[in-house]
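Shown next, in C-alpha cells, is the structure this report addresses.
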C-alpha cells in the first residue's frame, strides 16, 4: 500500500538527509583520524622503549589559533545551516480556507472536535489537499500529539493550546489514506496504546462523512 | 584481598577520602547492576511484538527506575567515587576539606538509593512516570501510590548529598592544593571535577526546589503541579534547568578520565591544554543556557526556539573542540593499546556519534520529530551510557593499580572491551532507525514495523550487559594477583602517581607508613611534567615576563629541590 | 587495620555521618509508611548531630594541617568560610528557583488576590523588623568577640536566638492561624500554596539557624570562642544574614505586591 | 571592621526602608510601577545586608563572584521562564 508522503514530511526528510549526511561526514573525519592515528602511532613489539618528553612545545600558540579557526568554521556553518536550511518551524499558511480541528488528549485517547460540533474519538477523518490547524490541549496529564508520517508533533499541555499546521495530501477520487497518530509523552499505564488514526478522503467524501456524523451529534450540541 | 576487606566498623566510621571513594565506587557498581538488570528486563519485554513478559505498569516502573538509578545513582556517583580517591592525591591534599561532610554525602547517597529501590516493594508500586517525572502525572491525583512519594523524597535526599559533595570538592580544590599546584598546573581530571561540581552546585538546587514543591503537593495538598495554570511548564522549567547541566555533570568526568588516560598511554601532553580547559569552561557556562531545547514541543514561542536553538548549536562548538583536542593528542604519539586506552577510544567514538546526533536536535524542526522517540533514546544512551560508562570503566582500570596495588589481566580486559563495544553498538545503533517509535511504550504491534530493529537491539543488550558485568569481574578477580612492586606501573606523569604527598617522609602526620615503601616518589627517569613538582624537572615554561617572571621564579625556587618538604605552618 | 589506611585515621573515625544518613532516610521513609518511624528517624538525626557537636567540642576533627598550599584566588578565606559561601550559593539558587516559580505561576494564573487584603501587613512588617534586629544582634556578637568582649558575645547570640524565636512565634503563632481561620490555607489554591510553601521553607531555615545559634551559645558558655578563634560565629552569622536577605524578598513579594 | 555605631546606623536605614516599602504600597498609582519601586527598595536592602552585615564590602572583591554568579543563574531561569510564559 503506497500512500503519498505529506509535504511536511517531504520537507523534513530533505532537511534531515542533508543534516545527517553532514553529520556522518564529520563523524567519519573525526573517527577516521582517530583510527588512523591509533594504527599509525601504536607501539609495536620490538621497538626501542619510548621515553616521553613532556617539555613544553613552542607550538601551543599555533594550536590555539588552529583550534579557534576550526571552531569558528564549525559555528559559522551550523548557524548558516540553521538560518538558511531550516524551514520555518511553525509556518503560518496563507491559505484562507483552514480547517480547525480541536484535539483534546486524555487518559488514554484522543478526542477530535470539528468546527460544526461533531466530535470523534480515536480517529479523525480529514479532506485531502486542505490546510489543517490542530489546536491541541490536554484534559489531564501531558501527552504528545505525534503525526508520525507527517513528521510533526506538539505537546498536549493541560491549560494550554498548542497549534500545529499540516497540509493533507491530495485525495480526489475514492482514495482513502490512513496515517498514524501516536502519543509520545509517557502519560500513565495506557500510554502504549494511546494512538489514533487519521483518515484522508476526498473533500466530497469528507462532506458526506461529516453529514453522516451530524444527526447523532446535533441533538447534543444544537440545543 | 586483605587490603580491601576490613572490619565493618572501620567502613562505617571512616572519613578518609580513599575509603569513601571505594565505598562510592562499590555502591555505584551495585546500583549499576540493579539498573542494568532493569534495562535487560526492558529489552526482553521489547524483543518481540506484543510480548507479555512485563505488564504495562511494571514496564513503566522499570523505565523510571532504570533511568533514575543509572543517571543519578550510578554515573554521577561513580565519577564522584573516582574523584574522591584521585582528586586529593592529584592536588596533594591530605583529604577533602570537610571529611565528615564527605562521609555524610556518601551515607545519604547510599540510603537515598536504597529508598529509591525499595519504592517498588511498597503496596501500589513505585514511580511510573519516567525519570523526567513530568507534571501533572507526578501529582497524587494520577500516581497515588506511596512509592512515588518515596521516590520524590529519595531524590530530595540525593540532591542534598550531591550538593554537599559539590561544596566539599569545590572548597577542597580551591583551598587545599599543595604548593606548586597552581590552576595552570592542575591535572586535567581535577579540572573536569571542578567543572562537574560547579555545574552540580548550580543544577541540583533548582531540582531540589522542584522536588520540594512536588512533595508539598503530595503531602500537604498544595496545587503547584496539578494546577492547569502553568503547572506542567513550571516543572519542565525547573526539571530541565537541572536536567541539561546534569548531562554535562555525567559527561565531564568522562572527558577528564579520557584526557588522563590519553596523556599516559599516548605518552604525550594533551593537545593545546589551555584551550581544552577554556573549552571546558565554555561548555559548563553554556550548559546553563540550553535547557529549553528539551521543551521545543511544549508550545514555547518562536523567539525561545530561536534563542535556544542558537545556544545549543553554540555549545556544540566547544564540546567538539574538547573531542578534537583529545583526538589530536594521538597525533605523532606512541600509543600503548591496553584496556583503559581501548575503553577511552571507544568512548571517543560514542561521544562523537552521540554528540553529532544531538546537534541535529538543536534544529527545532527536526526535534519536533525526534523528541520523545527512540532516536532520542539512542542519542542519550550513546552520550551517557556509552561515553561515561566506557570512560569511567577506563578510569577504574587505569587507577586500579593505584587503588589496589594490583594489575588486572590485560588479555581479559581487552576481550571484554571488544565484546562490550560491539554489544553496545548492536544495542543502541538500531534506535536511530526507530524515529516513529515513541519512548516508554511497553510493547508494539506487528504492523508498526518496529520489530526487527528491536530484536537486534535486544540481542545487543544480551551481549552488552553481561560484558559490562565481566568488565567489573575482571577487576574483582585481579584482587588475587600479587601486589605490584612498582608504584607507577603505567609510567604516568600525573601527580597521584609520581608523588604521594600524604606519605612524604617528614610530613607531620605520615611517617610510619608502609605505603612509603610501596609508593615512593617517582624516579627521575619516568619523565616528568614540565611543571612537575619533584624539583628535577626541566625548566618551567618561559612564558612569563617582567615582574611576574621574577615572582614565578621565586615560587619555582620554593618548590624545587629539597624544599618539597612541607612548611611547618600553613595558612588556615 | 590495613597497611593502606594510616593509623592516623583511627582518630578521625566517627559514626555521625552514618547515623545522620540512616536517620534522614528513616525520617523520610517514616513519613510515607508510618509516622512514629519518622519521629524515630528525627531522633536519630538529632543523635547524629549531637555526636558531631561532641566531636567538635573535643576537637577530634581539628583541621588537618595541610602541608603546603596554593589557594588563589581564595587565599584570604578560611576553607570553612569558603564552604559557607558556596553553600549560600546553593541556597540562593533554591530560593531563587522557588521565587521564579512563584512569579511564573502568578503571571500564568488568570486571577490573583490583592496581597494587602489577604496578608497582614502589620505582622509582616513587624517580622521584617524583628529579623533585621536579629541580624544586628548577630553583628553585635561578632563585633564583641572580635574585641574580646565575651559578655557582648553572649548578649548578641542570646538576642539573636530570642528574636529568631519571636519571628517564628509571630509567624506560626499568630499569622498562620489567622490565615487558616480566613480560609486562606495551603491547599486553597495557588496563592495559598505559594505563600505557605515559600514562607514555610524560610521558617524552616530560621529554625535551622536557631539550632546553629544554639550551638554557638553552648560553645560560648563552654568557653569555646576567644578573640582569635571565633570563625564559627562569623560563618553561622553569614548564614543567618542570608536567611534575613531571603525574607527581604519574600516580604514584599507576598505582603505588598 | 566598623564600629557598632555604624552598624546600628545601617540597621536604622534598613528599618526605615521597610517602612518606606509599606508606605509606598499605599500610594495610589499603577500597580506595576509601585511593584517595581518596592522590589528595587528590597533589592537595595538585600545588597546592603550582604555588603555590611555579611561584610562583603570588607572582603576581597573576588568573594562577591560567588553570590553574583548564583543570582545570574536565577536571572537566566527567570528570563527564560518569562519568555516561555
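Letters A, B, C and D name the chains as they come in the text, with residue numbers starting at 1 for each one.
In this text, contacts are C-beta pairs under 8 Å (C-beta built on N, C-alpha and C of every residue); 3 or more make two chains touch, one makes a residue touch a chain.
From a predicted model like this one, the values you see are computed outputs, not experimental measurements.
Seen from the C-alpha centroid of chain D, the farthest chain centroid is that of A. Set side by side, the interfaces A-B and C-D show unequal numbers of C-beta pairs in contact, with more at A-B. Look at where the CA atoms of chain A average out and do the same for chain B: the two points lie 31 Å apart.
Separation between the centroids of chain C and chain D, computed from CA atoms only, is 20 Å.
Separating the CA-averaged centres of chain A and chain D is a span of 45 Å. Centroid to centroid, with C-alpha atoms defining each point, chain A and chain C lie 48 Å apart. Listed for chain D are residues 70, 73, 77, 81, 85, each touching two or more other chains.
The residues of chain C that reach two or more other chains are 73-74, 77, 86, 89-90, 93, 97, 100-101, 104, 107-108, listed in rising order. You'll find the chains touch as A-B, B-C, B-D, C-D. Taken in their complex, chain D has these residues touching chain B: 70, 73, 76-77, 80-81, 83-85. Contact residues on chain C toward chain B in their complex (touch as defined above): 1-9, 12-18, 20-22, 24-25, 28-29, 31-33, 52, 55, 61, 63-75, 77-79, 82-83, 86-87, 89-91, 93-95, 97-98, 100-101, 104-105, 107-110, 186-187, 189-190, 192-194, 196-197, 201.
Chain B contributes residues 202, 206, 230, 233-234, 237, 241, 288-289, 291-292, 295, 298, 300-301, 303-304, 307 to its touches with chain D in the complex. Within the complex formed with chain A, the chain B residues making contact are 56-57, 60, 63, 128-130, 134-137, 142, 227-233, 266-269, 271-275, 297-299, 302, 305, 309-310, 313-314, 316-318, 320-321, 323-325, 327, 330-337, 345, 348-349, 352-353, 356-357, 359-360, 362-366, 368-369, 371-373, 436, 438-444, 491, 493, 525, 527-530, 532, 538-539, 541.
In the complex of the two chains, the chain C residues touching chain D come out as 73-74, 76-77, 85-86, 88-90, 92-93, 96-97, 99-101, 103-104, 107-108, 116, 121, 125, 128-129, 132-133, 135-136, 138-140, 142-143, 146, 237-238, 241-242, 244-245, 248-249, 251-253, 256-257.
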